[in-house]
Amino acid sequence: MTFEEQEKQRIEQNNFMDREDDFYRQFSDLDDVVYSESAISKKHKELIGHAISITTRCNECISYHIGTCLDNKASKEEILEAVKIGVIAGGSITYPNARFAFSILQEIGAL
Amino acid sequence: MTFEEQEKQRIEQNNFMDREDDFYRQFSDLDDVVYSESAISKKHKELIGHAISITTRCNECISYHIGTCLDNKASKEEILEAVKIGVIAGGSITYPNARFAFSILQEIGAL
Amino acid sequence: MTFEEQEKQRIEQNNFMDREDDFYRQFSDLDDVVYSESAISKKHKELIGHAISITTRCNECISYHIGTCLDNKASKEEILEAVKIGVIAGGSITYPNARFAFSILQEIGAL
Amino acid sequence: MTFEEQEKQRIEQNNFMDREDDFYRQFSDLDDVVYSESAISKKHKELIGHAISITTRCNECISYHIGTCLDNKASKEEILEAVKIGVIAGGSITYPNARFAFSILQEIGAL
Amino acid sequence: MTFEEQEKQRIEQNNFMDREDDFYRQFSDLDDVVYSESAISKKHKELIGHAISITTRCNECISYHIGTCLDNKASKEEILEAVKIGVIAGGSITYPNARFAFSILQEIGAL
Amino acid sequence: MTFEEQEKQRIEQNNFMDREDDFYRQFSDLDDVVYSESAISKKHKELIGHAISITTRCNECISYHIGTCLDNKASKEEILEAVKIGVIAGGSITYPNARFAFSILQEIGAL
């Protein structure tokens, strides 16, 4: 599945869950507030989310945050630095996820 | 143990490990490079480290990163926003660590 | 792979492991005892297992427990409530697994 | 610190966080909705939360859920069965948390 | 609490749990079989358990496995190498647990 | 994807990352030192890495360490014992990864 197909599938499934149960809409609204521009800029919040995705080894989260990092004008360099912070925090067991992040960046032409 | 005593103990033990085995010095040097000012500022890198500490539920890491966030001129507001990003990512099982972060901030007079 | 094919593969591989090494049969027997009807009903134990699968982000465990929840007459509503308990405990990094649970329920016609 | 002192400290700190930042009140409200009586009874939801606390190795969560399990008329037998589901799911690395659960139950006279 | 007091408390609580519920005796028996001398020597199995304890960040497990490593004639050098394997696998968030392992080894005079 | 194709892809991506950013070369060099023959033999270090991969539920790490275990003359029996140590430590949520380890061993004709 391509990055774009994954993104489409994620959005469709999130929408389905929001319609099925108000909980998901509320959780997602709370997530939106946490990630909104404030004392920390939205771009830097997305970089934080990206690094957390690496350390917690969540590939779908990595795809998502690479998208939101780019949408918020994070540079390739910033995205790659966040990956490294995730790797040094989470160790060699995060290598598969770092490789995944690089493969996404290659696929979308950012590397 | 106070925040300062914890900090003192951590530094002493890290120094002991560095002397005992070169591995710890090399790992720590690599960590320093990852966290150095670059495309992402040092302040924002420390905020990333702080949020990771919440999501991964590591209290000693939280203490450490609150210190380094403050050393790098992160505001109280920024530190608290990083905590929230950590909590929304890691869920209610991170609440004990969010409480710990607040208690450290209270202890050192930042709240 | 469909839900049924996954189930078939899991059972075959578990059987292979049981034949190869007695440890897996003993671990599995112990698991059966823990999950047997007792002070907590088998149905509620499977719902517990399902929620744990969400929080620990284990998709194969989610597939397995959706099957055992349904086998033990858990309703769609109960299964979905267990998912939410898993998500609020484990945070946004469990969203991919909640989406997976919904996709399994859609595939088998429970949603 | 006794079980009661821990409970008091947790409530005070949660209240402080709720006053300091609306996020914590909203997250906590959402948590309350997820844990409210519905298709799954409140008692069984607290047992689920308790088992998750064992598998995710969160001692403060264990203390909290033992309290809420008892408040919702869970029996000693049910609480102990939830611990076992947590242990078989999470393995021997959850033994320290199972011991902690037993020590809390001993302290409050439930064992 | 000293290393010896911790060991005493752990054994007492494990015994209490074994008496309270047969599950713990059976799980513990299975654990004993897995850790018994076989294709991999008992000493090397305890070193494996020790490294897992570091990566999974379980201090009580670290205490336990330092004891069993020493009981099975593992050298100080072997124990410290297992710590490093745990740290490189689990990253900087395992540093508090590496420090803990060093502090135990200092306390019992192995360093 | 076959075991060999996975291995090829992993090496290519690691090489790409090493060329892109010196951090990955340095982390990997440090990993090589930790895993080199010393007080613990290289074979036993790879078995440790393999068991950690099971407990931390990292399938790409499992593939990698099965390869390195075999390269360092670990027997089928030793590799399977390391899997069991990983499973008893990490519990039933590691079963999917134990099944994966068995499937790799079947694929390459070691079982």
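We just call them A, B, C, D, E and F in the order they show up, numbering each chain from 1.
The rule we apply is simple: a contact is a pair of C-beta atoms (placed from the backbone, for glycine too) under 8 Å apart; a residue touches a chain by one contact, two chains touch by 3 or more.
Being a predicted model, the structure only gives us computed values, none of them experimental.
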item	value
Labels of chains that are neighbours to chain B and to chain C	A, D, E, F
Remotest chain, chain B as reference, centres from CA atoms	C
Magnitude of the superposing rotation for chain C and chain F (Cα, nearest 5°)	120
Rounded Å distance, chain B centre to chain E centre (Cα mean)	27
Euclidean distance of C-alpha centroids - chain A vs chain D, Å	30
Rounded Å distance, chain A centre to chain B centre (Cα mean)	22
Contacts with 2+ other chains: residues of chain A	23, 27, 30-31, 34, 52, 55-56, 80, 84, 87-90, 92-93
Residue ranges of chain E touching chain C (in the complex, touch as defined)	23, 26-27, 30, 33-34
Touching residues on chain A, where the partner in the complex is chain E	55, 87-94
Residues of chain B that touch chain A when the two form their complex	30-31, 34-35, 38-40, 44-45, 47-49, 51-52, 55-56, 75, 77-78, 80-82, 84-86, 88-90
Residues of chain E that touch chain B when the two form their complex	57, 80, 84, 87-88, 92-93, 95-96, 98-99, 102-103, 106, 111
Residues on chain A engaged by chain C in the complex (per definition of touch)	10, 13-14, 16-17, 20-21, 23-24, 27, 31, 52-53, 56, 58-61
